[in-house]
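Below, each structure is written out as structure tokens.
Both of the next two complexes hold chain A, though its partner changes from chain B to chain C.
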Partner chain A sequence: MTERPRLAVVGAGPAGLAAALAAAERGVRVTLVDAAEQAGGQFYRQPAAALGARRPQALHHQWRTWERLRAGLDRHRAAGRILHLTDHHVWCVARDPAAGVFGVHALRGPAQEEGVVVRADAVLLATGGYERVLPFPGWTLPGVVTAGGAQAMLKGGLVLPGRTAVVAGTGPLLLPVAGGLAAAGARVAALAESAGPAALLRQAPALAAQPGKLAEGAGYAARLLRHGVRVLTRCTVVAAHGTDRLEAVTVAALDRDGSLRPGSYRRIRCDTLAVGHGMLPHTDLAETLGCSLSGTAVRVDDEQRTDVPGVWAAGEATGIGGAALALAEGHIAGRSAAARLRGTAPDPRRWAAAGRARTRLREFAAALDAVYAPPAGWAERLPDETVVCRCEEVTAGEVRGAVDPLGAGDLRTVKLLSRAGMGWCQGRMCAPAVAGLTGCPLTAGRRPLARPVPLGVLAALPDTDTGLPETGDDLAEAEVGRTAAEVGHPVADAGPPETD
Partner chain B sequence: MNPMELVRARPGASRTVTFDGRPLAALPGQTVAAALWAAGVTAWRSTRGAGRPRGVFCGIGVCFDCLVTVNGRPNQRACLVPVRPGDVIRTQEGTGRDDD
Partner chain C sequence: MVGAACALYAARSGLDVRVVDRGPVAGGTTGAGEGNLLVSDKEPGPELRLALLSARLWAELGDELGAAIEYEPKGGLVVASTPGVLAALRDFAAGQRTAGVTAEPVDADRLPELEPHLAPGMAGGVHYPQDAQVMPALAAARLLRASGARLHPGHTVTGVLRAADGTVYGVRTDRGDIHAPAVVNAAGTWGGDLAALAGVRLPVLPRRGFVLVTEPLPRTVRHKVYAADYVADVASDSAALRTSPVVEGTAAGPVLIGATRERVGFDRSLSLPAVRALAAGAIGLFPFLERVRALRTYAGFRPYLPDHLPAIGPDPRAPGLFHACGHEGAGIGLATGTGRLVAQALTGKTPELDPAPFRPERFDTDGGDAR
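Coming up: the complex of A and B.
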């Protein structure tokens, strides 16, 4: 009996699904590991089954693609080629140099107390990204949520945070979020986008080269028109108001130099503000494995290989670019991994269509990135008393103080001096703001553990399990310490079933 | 229009949970956060330092702003934990532990 090679795919969004299907079709045993209860990731997030949605596509775009992915997943699962582990939160992926295999360490179940290790010959990271939100006075009030968060709660839980919403910030995500909220019955009082038509025009040639993507944007815009949503461009949120929950927001027009135009301030009553300023890739698992980054994203080659042998990455973990790009990258990564695991070099001509789509969509993403830059001047405008680090309640003034007078020159020192980024979220929420306020470059976080891990799970790891990261980092200790009250369970092996 | 109508949902029978002692109806499959939003509740934590109210922010388990105490266990992310019949959900004050 020949052992089929094993591939662990972390993340069951568009990238991870495309990768898992491509590899399974080529004879690889795939274990697909995801924290969510159902496949789909962010773009194809599904309502919980018990909610009995008979028309979930009403909240979705590109539904046919989803049906194809889901059918493929069902088929391969039934045939034992893909094992889908839902509700598994991966906190570390480590290579055992002696055995030459990888261990994917996950915490199982909603309580995330039980440790599980998936062993595989190669790993494919498709962990997606999370939203960047730049602070403004009032952004910690209940009722202020991230744009994607409002969308995720709507798609997954079929709920709205309130009745009257303002959608604000910058980026292509704002359009579908405003459209989704309006379709689901919220009154969307305004969509305030800080980019202006001039920025769009500057990128016009690059954007016009993607008629399909432009039509998609036009479709979102038409939906907003239908719902009578007022779209304000070159407009930014100045403050959110309320005592114990959001009651209104003030928006103002941006001048070309980034200053707020006097007399343009407008107060809009609302109980929901869905706000976002683009996205950042999830890179912790890749960093722990020693993969190089390029900027804030995992660096990959044409085959979607990282620079660590046996580790591939695809989708928004390797750069923000939307679901269609994630699908193309996932497909290429899955095919490359399947070939390499068999000891052969893949022939890129076989994935030429996906390769062309990837090139086009990356160019489009770069053009969008230039359009949807954070609004100029936001950092200078931020009052000293505004909380920047939501976890540790560190203010803008305290963050500024770490640089002047205290002299910090990088994010890590700013963190040590101000405590910004030392809390539960490990700086994921505040790092972009801290970088902007201090002028330090935004570097990836160096988080040894992607998730807080109960001490019992760490203690139950066998001594011989080499390749685990040092957890001596101040952060990791704080994290582990805080969850240490919970009881751990022994580590179980959840390798895929034998298929040959 | 509401989200349930939009997707023509036929949810299973609702279950009763309590939030700070007040009974609420929650739908099966929803997270604790979704059940609280459906009941009009948007804050269920007060911060350690300034005692300010917080609820959902990122909605996907990244920000830890939505921490809540469920059945006596503090620090549960409400946006991830599914609601179960009879859950006793409490506003989490600070770390949610008695010692601070």
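Coming up: the complex of A and C.
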């Protein structure tokens, strides 16, 4: 083969980076496409260079791992083995099964108005996940942010979201978020976790197999203690209060059956509330390519292959499990793709260490998943007038009405009859809440357009199945939006590729 | 939608009605299409007669249910880009007028009054005040509710019960039998399968269509606006992609652009050429849309019969079985008239218009039972 195969990796978080490096080291030309301005994803979210942060590592652990990945990325970019396209928001990946070619369609530029398409022989989806937030009265007030939003502000913008914060919801992310806020100088008035401490103990065997992770958790807990953060378990936010913005929250203790314990209500003054109820995988691109899902995650085999030929997936797109799991999966996926693109079968023994880590971390993730569950009874407690779908301003009462009396029985019909999920975010935010309220199973939504696309970009697409121009095979990326210039892949000077 | 309308008019004729669906309300094509109630795209003939009856009935339901079904008698505007197309369009409209359609020619210089954002340079158009719009899923749900019929969602029909003499006496579902002296097949694109369960042939096939939905906008598109080539496309027999975008604003804000027409079986996967064609067509009509974002796109499968007319009425091959399916790209618009005709057939009343062209057995060459 004179032309070296080209792999498009969507997402430059831990999974995408590990995959890109593993593939590039094995002679594959990688185009790494990511919406962010810099590599890193959710976990290694980088302070914008312009802010000139002096000691970002103070906010990060596993800083060493990140430095190693970044050094690798820089090296491969300089050598032309990886083309890193930042600020590229992928709205669709199209496949031509006959030709075995993919067109990865992205929007770029600050306004996301320019269409570009990346040509690839295989695609690796490492799009990560997004946060699940369940509604409660007052959750739309300014000052209420997602846990990840607070973390991102901290890591990315280095701006303190507010002075007095409450962190609430459920899941392992609450600990680092509360710890990060406290370390950065905010007063964290309370961390309200709806899971109970006893639940954690029941999962002890799986958790005990994870010394690293437990140490991580213990580290966070120590940090919280040092900052005098009150940790309230089996406790939930009942309401957020304020007129123009958040002024206080009411928290209450949960009984074992999910009811609120009378007399346990407590009002806490704060100007920031960071809430999160776990994460959900991003599956839009995979779904549109025709990949099977299992539950709400992309289904993959031992090599991280989806059931669509030429499509791999790794990291939180295939299930929520933390950065270390994303790294292991990404590494395996990149090696598998490199081997398969050369027409050989990979030898799993070569990635045995990553494979073992993957098994262990998946067990750990499953154990955590069982511990952290949204507070029972939250849906029944939600008053009819609380807005559930923020984009379309649909209330809980309207969502309930779609089922009874109107007769909806699944999320799609609830959406059609109530408009919940029809707006800008296409239900990413409200679908879990709508599912909980209506008793409909939470299914991954079908979103052929993973991002809102200007009609002008759609109209300017080349009239081919993949949306790739007929000519320009040698180009990694072609502009198909309103400008006509074309961008070439940097000349590769890769030396002899490493073989598997 | 068609089943809901049949339920409504049957119940209002005094019948006791049960509605069985394997999914939820509006889970079929009704939840995957648009709600144009058009007379403008139909040439004189049986479909147009049914459309005019339906338009009248929709207007009545609009008075009754109004905002709950997002009924809007906004009118349609068909434009022609060249004088040649315009001449053909005006001829077509003249024919429609003799059939009872209100079709008002609009000169090029008056187009901006009707649609201020329309692309300049159009040769002219025709205004159809009878064209209207509903939100299909809401309409289906509200009509069902208004009918008072008992719903059995999540029940799949697995058999049609027939007595020794061939008379239909109910349906078998995966959750038990339901007995009734009359069964109406309103299974849309799957109407052929349901007919087969009763042992009769009805060649309903799917025809895919994509719709593009934009971000919500203040009302900028006032009518249903489309280019004249749409009219030719409806009756076309070509399997290739033909796009005839109807552009319309909705009560909720988004602009809907639809729809493509392709015969590709039940393939739901995204077709970039289809959305490309929709976007290009819409921008051709309304240049400002170039910068507007599409939030989503979806596909549905229109139920079509070889002669592009629905099957409505009793099936002589299976006494007690009635059909109400195969409405292709007009099942929302034609639902009310269909429901009325079915109710009249069920109660032995004289049909409001000649049902002969819609006879369900018309595709049998041997005229017999397929069993």
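Criterion: the second predicted complex is superposed on the first by the 460 of 500 C-alpha atoms of A that agree within 3 Å, B and C clash if a C-alpha of one lies under 4 Å from a C-alpha of the other, contacts with A are read in each partner's own complex, and residues count from 1 in each chain.
Just so it is clear, a contact is a pair of C-beta atoms (placed from the backbone, for glycine too) under 8 Å apart; a residue touches a chain by one contact, two chains touch by 3 or more.
Every value quoted in this text rests on a predicted model; they were computed, and no experiment measured them.
Visitor: Quick one: classify A:P441 as touching chain B (first), chain C (second), both or neither.
Guide: In the superposition, A:P441 contacts neither chain B nor chain C.
Visitor: Which partner does A:P197 reach: the first (chain B), the second (chain C), both, or neither?
Guide: Neither: A:P197 stays clear of chain B and chain C.
Visitor: In the superposed arrangement, does A:W424 touch chain B (first), chain C (second), both or neither?
Guide: both
Visitor: Among the partners chain B and chain C, which is in contact with a greater number of residues of chain A?
Guide: More residues of chain A are touched by B.
Visitor: So, A:L458: does it touch chain B (first), chain C (second), both, or neither?
Guide: A:L458 sits against chain C, while chain B stays out of touch.
Visitor: Tell me the contact category for A:G295 with respect to chain B and chain C: first, second, both or neither.
Guide: A:G295 contacts neither chain B nor chain C.
Visitor: Should A:V145 be classified as contacting the first partner (chain B), the second (chain C), both, or neither?
Guide: The first partner, chain B, only.
Visitor: With both complexes overlaid on chain A, does A:G409 touch chain B (first), chain C (second), both or neither?
Guide: second
Visitor: For chain A, which residues lie in the overlap of the chain B contacts and the chain C contacts?
Guide: Dual-contact residues (chain A): 392, 423-424.
Visitor: List the residues on chain A that touch chain B in their complex, please.
Guide: Residue list for chain A touching chain B: 35, 37, 42, 47-56, 58-59, 110-111, 130-131, 140-146, 148-154, 156-162, 183-185, 244-245, 390-393, 423-425, 428-429, 482-483, 485.
Visitor: State the interface residues of chain A toward chain C in the complex, per the touch definition above.
Guide: 92, 94, 103, 113, 288, 290, 392, 405-410, 412-413, 416-417, 419, 422-424, 426, 446-449, 452-456, 458-459, 461, 463-467
Visitor: If we count contacts the way the header does, which residues on chain B are in touch with chain A in the complex?
Guide: Checking each residue of chain B against chain A gives 1-12, 27-31, 33-34, 37-38, 42-43, 47-50, 52-65, 67, 73, 75-76, 79-82, 95, 97.
Visitor: Mind pulling up the chain C residues that touch chain A in the complex?
Guide: Against chain A, chain C makes touches at 23-27, 31, 137-138, 141-142, 144-145, 151, 153-154, 212, 214-216, 252, 254, 257, 269-273, 275-276, 278-280, 282-283, 289-298.
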